[in-house]
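Each of the two complexes below includes chain A, the first together with chain B, the second together with chain C.
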Partner chain A sequence: MSQLGIVYALLGAATAVFLSGAGSALGVGIAGQAASGVMSEDPSKFAKVLIMQLLPGTQGLYGLIIGFVTLSKIGLLGGGVADVSVQTGLLILAACLPIGIVGLISGKSQGKTAAAAIGIIAKKPDQFGKAMLFPAMVETYAILALLISFLAVSAIQI
Partner chain B sequence: MNDLEYTYAVARIRALEASLLTDSFVDQLVNCQSGQQCLELLSERGWGDADTGLDAAAMLKREEEKTWEVIREAAPDLTVFEVLSYTKVYHNLKAAIKEVCTEVRNEHIFYDDCSIPGTEMLSIVENKEFGRLPGKMAAAAQDAYDTLLHTRDGQLCDVIIDKAALEAIYEAGQNAEDEIIRNYAESTVAIADIKIAVRSWKTGKSLEFMKRAMAECEGISVDQLSKAALAGMDAICEYLAGTDYAGGAQALSESPSAFERWCDNRMIETIKPQKYNAFSVGPLVAYQIARENEIKTVRIILTGKQNDFPEEAIRERVREMYV
Partner chain C sequence: MAVLQMQRISICALKKNRKAILEKLQALGVMEINHIIDDGDEDFQKMDTTNARMSFDKAAASADKAVELLQVYAPVKQSMLASLAGKELVDEDRYRQVIDRKEELQRVVSRIQTLDKEKAEQKAEILKLTNSIESLTPWLTLGVPMNYKGTAHTDMLLGVMPAGVSLEEVYSVLAERVPDTGGVDAHIISADQDSTYVAVFCMRREVAQVEEALRGRGFAKPSQIWDKVPSQAVDNMRREIAEREDKITQIEQDVVSLNVNKEDLCLLADYYRVRADKYAVLGQIPQSGRTFVISGYVPKKYVPRVEKLAKQYDCVLDIEEVKEDEEAPVLLQNNGFASGAEGVLAAFGLPGKGEIDPTSIMAVFYVFLFGMMLSDAAYGAIVSIACGVLLIKFPRMGDGMKKAFQLFFWCGLSTLFWGILFGGYFGDAVNVISRVFLGHEVGIKALWFAPLDDPMKLLVFSMLFGVIHLFTGLGLKGYMCLRDKKYMDFLCDVVLWYALLCGLLIMLIPSELFASIAQMEIVFPPFVNTLGKALAIIGAVGIVLMSGRSSKNFGLRIALGAYDLYNVSGWLSDVLSYSRLLALGLATGVIASVINQMGSMGGKSVGGVILFIAVFIFGHLFNLAINLLGAYVHTNRLQFVEFFGKFYEGGGREFNPFKANTKYADVKEETKL
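Now for the complex of A and B:
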């Protein structure tokens, strides 16, 4: 039974990394297409569109942080695997879900918003600062999810 | 097709929109002292290329080609754009039928930047292979060909083909997934119907002729519009005032050129929301229409300058720009 607990805990870490990573991959991909479109006509905007493309990449990092904290919590990184009960394993899985789910959805949404903001840069490069705010707003919710997942994973006693 | 498939293309179009002509630049063109000065200004803005130099016709043709080159490179699905070239394809059909029936050959009367270029269309009509034409075009071509051969009435031949073109555009709009194509088709057919009504009234055409020439669409009732055209210009304006094309009534009361300008401006108004659309095919279609509009406007200005038209007369005909 204790092995099932560690499986749940690992599943939580995997969920956090996999879902938020997938969200970032989708988002960066969408923004990257838009960035390429602008670059094909105006290479001088490379730096600005690159920053926009990077914005949806943070969700993947947040998932990585939660995955890392989870692995550390259950002792996998220290060499000795902790004795995790099924109940604790499920708790860890539940704690990892916020960043996983929100990371997936916000990553894709931020990619679409970044693509639209790249459209602003294409036409009005002097509005870069304001344009960046729109995709940055989406980031708020990924940070909130990161916070909750981090607090929840940290609070679980093993 | 998924709207996200157009992300690259829309971003590319956004970058290109920065180089579209603005109303203030068009003002500058109108204020130029001569056609030559206009061409120099356009050349400085990147119009034409090294081969076209300051040759007006070559420069405008090159700009049309550039637009299609961008669309072909960027658009993931070109079938959406076919409806935009319907007028050119049907023009080629008209020209080919007249060339074959009259046995007179003319140069530079065909469009080559469309799905059925001039030489191919001429070959189809010469060999009477109308079955090779798409959809209902085959029946219209056969009908127009027979009519011209038997009656020698070129106008009737034009009416048959023009109506078939309008019906094809409207049908394509109805079947389109994208709203912009539906709006384009609706506006194109409605504006064409209004133009037919006005010209029919001016030339005293019969109700039967008008009904034969006009195509049905959602915003305009062919029956009511053609009856209004029989009654006179006031009746046309009165009918239009109750439709989505009320602005046309006001333009009609000003002058024929104001009406022609309104027709083009109406299309630009239809596509303007696409400036704020980050995905889908809409911005690409809008860019294509906007480029056609600015090329047409430049052509009007150049023609006016070359023929020493007064500035006010040119200004009256200048179209609204997309950006």
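Now for the complex of A and C:
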């Protein structure tokens, strides 16, 4: 039975990484299309639109953080694998869900917002500071999910 | 911390001094031209300077073009950092020399452009010739000119047939369609994958029938005919191409030889730009028969300079305060530390009418919060050193750029500070290196505590910093109310909120919820608890009663007050928003340790060390870049949304003085006023 615990825990780490990574990939992709459109008209805006495109990329990193913390918690990274009971494994899986799911959805939404903000830069490049705020608003929720996932994973005793 | 006070200065002077005064004002660059005289005024007219301005603009543009062409013909390598170097500083003498030589330089400009045009023409010709050679190539083995008229009785038919047509086929087609011919002689000149090129000799009287017959098999006359033997024609064309190429080289050399004028042309372009601006202003100022008036905003501290300037001429100078209904432009002045954050403030909006300049207070929080989000000593040192080096190396970089680097220099120092407190040096690089490569693990202990070990503690502190930040914002609002003598607003919108929020905080801290988050129990003496409750009740009741005080209807007033009280939830979410300080700090640290872990996977060997160095450099550069971006974005957000939301609206107009707007170089002012 105890073997299944570690499977659940690893599933949690995987969920955190692949869902939020997928969200970021979608978001960065959407923003990248808009950025390419602007670039084709005005290559001098490269730096600004690149920053905008990067904004939805953070969800993937947040997922990576949770994945990494989980892996090191269950001892899969060097050293012996911890003895994880089924209950603990499921706890870890549950703890990983917030960043996974919120990362997926917010990554995509943030990508759309970033694409719209790239539209602002195309027309009013001097409004860069404010344009950047709109995607950052979406990111707040990814950060909150990261916090809860992180606090939950680090609170689980093994 | 100040918005500079503006005054309106109006100068009325004689027309004969118009040019001199305008030029001096432009060189001074402290006055924003703004006229208040109506267009309908009979005594004053405006001069139409559109034509003059446009011709100067055009001259500036063509000088710019010439400079660009010189860069194309004689490229000067520019490093990636060249854009930071800013404008050159030139002596006034040098500038005068250039202006004296302006006719000559103008000729250089048109010479460069003519040469470039010639080169383009030569290139077009070469292209044409190359195409001709290509279309002639299949006919190269033809020994007669393509328009060969034949002999007395025979004629030649040249043409293209589909690919794969053989000599036998040609003959059989002819035998079939023109059986009673007096004799035909067909040759295949060449063949490629698309077509076969044939020459057919036949009797002159049968030409039409033969051609008709061949056409049935896809025969078509060549599209271009040369009156020379193809091989000869090609030779001629090759020679011509070579000649034209020589000419292009010559042209290029000519242009390169003009490169010595590049700097002068830059100055010339600037000169025309400045004059165009001057004429634009000249077109705005009202003029009468003998006099003219120029009026605009000048920051108060620069007024003496304008006065001194005006005293040199016969004129009337009038200084007045900006009127209530006028919206004066905004110019900020801050000390060396805070001025860096002016760019951040401008991105949100300059202070509107009656607002204070929050830059210096914001700068302190900005640097503090930024460092907490990045929170790695090594990263902070890198950022600070990089910004410092760039600032020293390029002392003449553009103003906006300079301010940004200044800000990030301080942010880097703050990051260093927080990194030392939290014990992050490239994440856990010291531990990993010592463990994997040196055999025994050593680490630098955090001066305060490591956030990874005790995230809840940092969460509580993040929110504490948030509360301080937000209370400062509310305090600034209070300051503005007091300054404008709106004591009622101060009491209702600021003091009551302070009372409510402090009361709620005092009630929250001894509670179980707080104890479980902070993992420590704080017990206040009973009278403090009572005080907290009292404050909260006074605040809440006061807000319900007073927030809607502008409304006469008592019911509506209470409803508005209750709605305002609902803003407590806004305060809650604002404070929770500061949890990103913890999250972003963790992000830096954890990603850094992921990188270190990945790098150390090669183990203790030569290959392992190489792998570690490679992963370390690229990985940490990536982490630094992505977290710099994150810290920048989220610090801005905390300032713009949470902090400014409490007291600041912005919406001021930037001070845009009449000055020498140059592109390449600034002129050193010789005649100091």
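Quick note on the criterion: the second predicted complex is superposed on the first by the 158 of 158 C-alpha atoms of A that agree within 3 Å, B and C clash if a C-alpha of one lies under 4 Å from a C-alpha of the other, contacts with A are read in each partner's own complex, and residues count from 1 in each chain.
We take it that contacts are C-beta pairs under 8 Å (C-beta built on N, C-alpha and C of every residue); 3 or more make two chains touch, one makes a residue touch a chain.
Everything numeric here is computed off the predicted structure, so don't read it as measured data.
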- Should the superposition on chain A be reported as showing a clash between chain B and chain C, or a fit? fit
- Quick one: name whichever of chain B and chain C touches more residues of chain A. C
- Task: Could you look at A:Glu41 and tell me whether it touches chain B, chain C, both or neither (first, second, both, neither)?
- Result: first
- Message: I want to verify one number. Taking the Cα centroids, what angle sits at chain A between chain B and chain C, in steps of 10 degrees?
- Response: 50
- Message: Looking at A:Gly75 after the superposition, I want to know if it touches chain B, chain C, both of them or none. Which is it: first, second, both, neither?
- Response: neither
- Query: Measuring by CA atoms in the overlay, how small does the chain B-chain C distance get, in Å?
  - Reply: 10
- chain A residues within the chain C interface of the complex: 51, 54-55, 57-58, 61-62, 64-65, 68-69, 77, 128-130, 132-133, 136-137, 139-140, 143-144, 146-147, 150-151, 154
- Query: Can you list the chain B residues touching chain A in their complex?
  - Reply: 4, 7-18, 74, 278-279
- Query: Which chain C residues qualify as touching chain A in the complex?
  - Reply: 344, 346-348, 452, 455-456, 459, 576-577, 579-580, 582-584, 586-587, 590-591, 593-594, 597, 626, 629-630, 633-634, 636-637, 640-641
- Task: Spell out the part of chain A that touches chain B in their complex, as residue ranges.
- Result: 30, 33-38, 40-42, 45, 112, 115-116, 118-119, 122-123
